[in-house]
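As written, the chains take the letters A, B and C, and residue 1 is the first residue of each chain.
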Amino acid sequence: MKLKRFLPWIIGLGGYALLMVGMAWAGDPTGASTGTIADVTAAVAGKPTLEELGKALGHNILASNFIWTLVAGFLVMFMQAGFMLVETGMCRAKNAAHTAFMNFAVYFIGMTGFYLTGFALMMGNSAGIASLGGVAPLGSAFSIELFGKSFQLFGTSGFMLHGHSYDVGVFALFLFQMVFMDTAATIPTGAMAERWKTTNFVLFAFFMSMLIYPIFGNWVWGNGWLAKLGSNFGLGHGHVDFAGSSVVHMVGGVAALAGAIVLGPRIGKFDKTGKPAAMPGHHVPMAILGAMILAFGWFGFNAGSTLSGNDLRISVVAVNTMLASASGAIVSMIIMLMKTKKWDPNMTINGFLAGLVAITAPCAFVNAEIAFLIGAVAGGLVVASVYFVEGTMKLDDPVGAISVHGVNGAWGVLSLGLFADGTYGDGWNGVAGTVKGLFYGDAGQFSAQLIGTIACFVFVFVSFYLFFFITNKIWGIRVSKQTELEGLDIPECGGLGYPDFPLQNK
Amino acid sequence: MKLKRFLPWIIGLGGYALLMVGMAWAGDPTGASTGTIADVTAAVAGKPTLEELGKALGHNILASNFIWTLVAGFLVMFMQAGFMLVETGMCRAKNAAHTAFMNFAVYFIGMTGFYLTGFALMMGNSAGIASLGGVAPLGSAFSIELFGKSFQLFGTSGFMLHGHSYDVGVFALFLFQMVFMDTAATIPTGAMAERWKTTNFVLFAFFMSMLIYPIFGNWVWGNGWLAKLGSNFGLGHGHVDFAGSSVVHMVGGVAALAGAIVLGPRIGKFDKTGKPAAMPGHHVPMAILGAMILAFGWFGFNAGSTLSGNDLRISVVAVNTMLASASGAIVSMIIMLMKTKKWDPNMTINGFLAGLVAITAPCAFVNAEIAFLIGAVAGGLVVASVYFVEGTMKLDDPVGAISVHGVNGAWGVLSLGLFADGTYGDGWNGVAGTVKGLFYGDAGQFSAQLIGTIACFVFVFVSFYLFFFITNKIWGIRVSKQTELEGLDIPECGGLGYPDFPLQNK
Amino acid sequence: MKLKRFLPWIIGLGGYALLMVGMAWAGDPTGASTGTIADVTAAVAGKPTLEELGKALGHNILASNFIWTLVAGFLVMFMQAGFMLVETGMCRAKNAAHTAFMNFAVYFIGMTGFYLTGFALMMGNSAGIASLGGVAPLGSAFSIELFGKSFQLFGTSGFMLHGHSYDVGVFALFLFQMVFMDTAATIPTGAMAERWKTTNFVLFAFFMSMLIYPIFGNWVWGNGWLAKLGSNFGLGHGHVDFAGSSVVHMVGGVAALAGAIVLGPRIGKFDKTGKPAAMPGHHVPMAILGAMILAFGWFGFNAGSTLSGNDLRISVVAVNTMLASASGAIVSMIIMLMKTKKWDPNMTINGFLAGLVAITAPCAFVNAEIAFLIGAVAGGLVVASVYFVEGTMKLDDPVGAISVHGVNGAWGVLSLGLFADGTYGDGWNGVAGTVKGLFYGDAGQFSAQLIGTIACFVFVFVSFYLFFFITNKIWGIRVSKQTELEGLDIPECGGLGYPDFPLQNK
């Protein structure tokens, strides 16, 4: 019996040990392949001309940029898992499958919508991006004339990547832009969790990815009217947002706000006097894991936004990004410690994320001290906002998405308008010179940031308020009371998130 | 008391604030290191000759390829965690420790087996890979003569990397091939979960990694007879599989099929009339996290398979990969919605993964529309197959591994034979010209794909059926009825997966 | 009703299908951007001179190194999530929120401390690192004279990155060093889990990141006295530690030892006769996920430590790293199988991690066979050490941190002193020639490794013993008995880790 049990081991490992000893003793010649001039493509192998060298180098420079941009894009995609975990962990166990499912589904639904129309509306009038090999320009847009200037509202070419098959630069750009959009689209699932009808969520995901995100994205990153506030009206470099404090996070946060208003609070969240009840998330380690995955992916989010590995400022961006998360977390942790005498994991996560959201716009334009400061302010803002949203506005946002992404997205773009110190951004949005904030003498830049912030709020809030209001009238956007009390997992997803575990506090 | 509690804070943060203010005010000189001609190795520093430039450039081109290949390999390794989570989440809580343990153990057991013999059998007759610096060729194989042609069956050099110490190209190749093998080896743990004896699983992991995977891998990627169907018999470019729909996924899925047959269904899976019972997984968010990690790692799996960051088609591959996952998920989600009126997380995960499996072979050879289409078909196929395997074949595959990896692995290589459009693959497998599928005029290519698919099924199924059949006769491959009913965690792993939580539905 | 439900689908998908068909039929022109000589910056576009080529190449070489170093650093940061999961999974459910929180908080608290003083103390006297563009040197230190030689004890420039704003090389170095420090700082949270007061933990995190880690780090990696044992006293190349077996892991493990001694065992761990009780972790899949994330990040940890993507030895390092984890896991798994007849997930994880810890120092200096051997020894050592720490020393280390990181950190640096084979490290620490261990004829190198090991133990143990002893006297470092019995989640963190699940085995 015993022998039979160990027979495979004796055969496998005994043989292995013998082989290993034998081989190690037999000596192990050392080979070595290493790059030489022969690795440069040349008509006469090993004897490249100056021109052949130049061609190979130009290609390799692009390769570096592609590697950087793609790896960064992969990291951003992984942030979807971070959102899933933060939001699911902060919700109750009876809704775990549904919350997780929405965060998963938004990835592939959003992607489909963005592929279909979003990318074209957003980047349809982009000049080639030099760092990705120029990219065949996507060249048409819809604009209107106002005050004698052209206001570009959205692009109109590149639907389904049409006309750009195998244009590697366009594909790299598509991947990177897509994962950013998905980040914005997943934010409202947090604020609307535990009561949102899945059908409406699916419709929302298409509406966001196909229409609203791309349009605002076009205004800032696709040569739209906000980007042109500088060249058209002399307001600094126009609205500048390095990696998406406004384009991604504020859009998501404002949509979350509109959704939370129309949807209303969860049953039991507010008592008759309007006093909010605590509804603790069911899985703290899950939420913490999510936050750490988000911070991991955020390196790609921010530092990847150079779209170039040859722009060595990537190291500054990465360091600024992590420093802002640290100060944001510390400040919110300390505030809660003073308020409650407890080390509050949830609010610390929110401060941590708020720092990341805020530094997203200015990360390339400020030095480390200022990055730390911007994050610290974000950590305070998020706590104040969470209490304001819940206590004063009487809105129910289970994960704090409005405060983390909406409020701090705004703070991010505004902080750039204050602190950009003129060491980066030469020629940004077609305006000569570097980007300078109010404290470095350019009030116009701050104005452009402010206009962008207001435009974001108005456009996104109105769009989503109407969207939720209308779809609510037609189909209803909220599950039935019974479904909500029971938990959405069985009614919406056909099964519990954790069928083998009994639940309490239902 | 209170002061004591806050003393560390006062000291730490107060001091910090003072320092920060002081430093920021003291001014902060700006340094800047940036690449110059001095960073090129040259006899006269800063004055490289044309030849020195060429040498440095050749080296740097290789560096780009190494960075790309290694980072991609790391991502593929991380997919092991994805498999662990999907399979564990889809199993019952009473088997969680055991299921997770198998998915963990397959990583290091498989690695050991592949290091010992697998790599040599698979890549032992590979010419140097140019993108990794030529690699000292691994140069011997076992072949037989048939029809006047040589049929290579497996390689015979490079055991334990012997003879290639410090050959950096061989090591990079080993890492990349190893993590692919581990992916195949981990697939059957899903189909055989909740009843498989650990001892037999360990034996299986060695058998797969040391013998079966490497041999089929050799046929397709190691200059074996399937790769030579083109040059030997004029069938297109021979069997072409860009990143492993057949080599990795179909091998894993067919092994899973053999295992599920020999092992039999879980107790209670089928009633006396053969009607299957639902046995829901115990942790939906865990399964979803796993799916997202898999999609994250799959970028490395597919786009890394260029083994070159200088092959800019990497961006097309990455985009195609994600588009196929989107359409696969959407189709399976909608089918389930129509069948059950529910948003089914499990089947959506399976459609998502099926799209990824299917696009793995053709990802570099088709454009975005076709990638989306291939994924959509996969999403339908996987649902049909899951119902067929369970309802008609009466097999019990707790996670759907046979359908996701086996069926869609086959669909992947066949779809390449249909849709490859002739824009890529010049010189693939030593055949001049690009790769074209049936719809682009090359019926021979489709035949090569079909032959490879059949060869994969026959070789792998027979090998593993015999393996499981024989080991079952000698040692038994299934745990006792009592162990299965109780759950495998304590009997096999010595402790529960979740000792602090009471379970229901046991 | 039904129509309303499906209306969005009909509109969305129907339209999509139409568009897709239409577009695919309309034909899809193929673009292609690819690098050319035009991508090289030149005064006359497309006609770079030799000098311009050299400048562009020098810059791109740096870009490769930055990409590699930063991506590797991101992976190391992600290891924090791995630690969080391993430690939380190995603790009891009643302490899950607290354990997870400490592992999260150490990331941002440690980062702040390292930014404030740690980086300056550690790297404040570093010459420019060529692979990162020379980096403006950080140029001052505190040294003492002994035996007529200068012993550098710590650096004194670069506080808060001051004086290096926007020096991209310094920022990249900061990021990489910071994430390593955080790894060391998070190790003791495992050994001290389930009873450690959060306030003291926070103080500890500052003490570690601001003072102790940086000082020992300076000795080995910052031109400190251990690094100079070679040039000052002829002991090989001085203390050599490629990626931190001593600097990171042994520092963390020895601090854990000091903490576990002062803190004492958990209530119920030892009975009156001193017999230890099993206190199984509450979540095996969580611990396994953590181990896999750690192995994923470890590729960055070790292979990234070249700080250069142009050092192609990165592939050897990566392969050695994974091979050592495999042999470590297998050995510890088999030992436990022989002892208990069970497949022990926890001890297998510990063997897996022990192999990784041990190979961290020698990974670049040995070939694959030796890497496998070093890992195998680590797998045995860790089991012996766990039993020794618990059974003989009567210390309570819930996750085995002392054995995994402390003991095997020491084994790692010593193994380098035995097995380094003279194929790498030319000029390391300013000593000409390659690094050779005792078995390759350099007894001095082994002495340097031994001295470093002893210095690490003495310095770190004394520092942390004093730290814990003193803070224990002043504030107390352990939670109350009642808090410990109840679980730390509510008393320390204000809420349960899993409020929706009833617990057993409390």
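Following the convention adopted for this analysis, a residue touches a chain if its C-beta (ideal position, glycine included) is under 8 Å from a C-beta of that chain, and two chains touch if they have at least 3 such contacts.
Quantities reported herein were computed from a predicted structural model and do not represent experimental measurements.
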Intersection of the contact lists for subunit B and subunit C: A
Interface residue overlap between copies subunit A and subunit B, same or different (over half shared): different
Interchain centroid distance [CA atoms averaged], subunit A/subunit B, Å: 27
Multi-partner residues of subunit B (each touching 2 or more other chains): 20, 23, 28, 30, 33-35, 50, 53, 57, 59-60, 62-64, 67, 71, 112, 133, 160, 165-166, 168-169, 312, 367, 369, 372, 423, 501-502
Contact footprint of subunit C on subunit A as seen in their complex: 9, 13, 20, 23-24, 28, 30, 33-35, 50-51, 53-55, 57-64, 67-68, 71, 75, 92-94, 112, 116, 128, 130, 132-136, 159-160, 162-170, 199, 202-203, 206, 280-285, 288-289, 291-293, 295-296, 299-300, 303, 309-310, 312-316, 318-319, 322-323, 325-327, 329-330, 333, 340, 342-346, 348-349, 352, 367-369, 372, 423, 474-475, 498, 501-506
List of subunit B residues in touch with subunit C within their complex: 4-5, 7-8, 12, 16, 19-20, 23, 26, 28-40, 48, 50, 53, 56-57, 59-60, 62-64, 66-67, 70-71, 73-74, 77-78, 80-81, 84-85, 88, 96-97, 100-101, 103-105, 107-109, 111-112, 115, 133, 160-161, 165-166, 168-169, 171-172, 174-175, 178, 198, 286, 312, 334, 367, 369, 372, 423, 489, 492-502
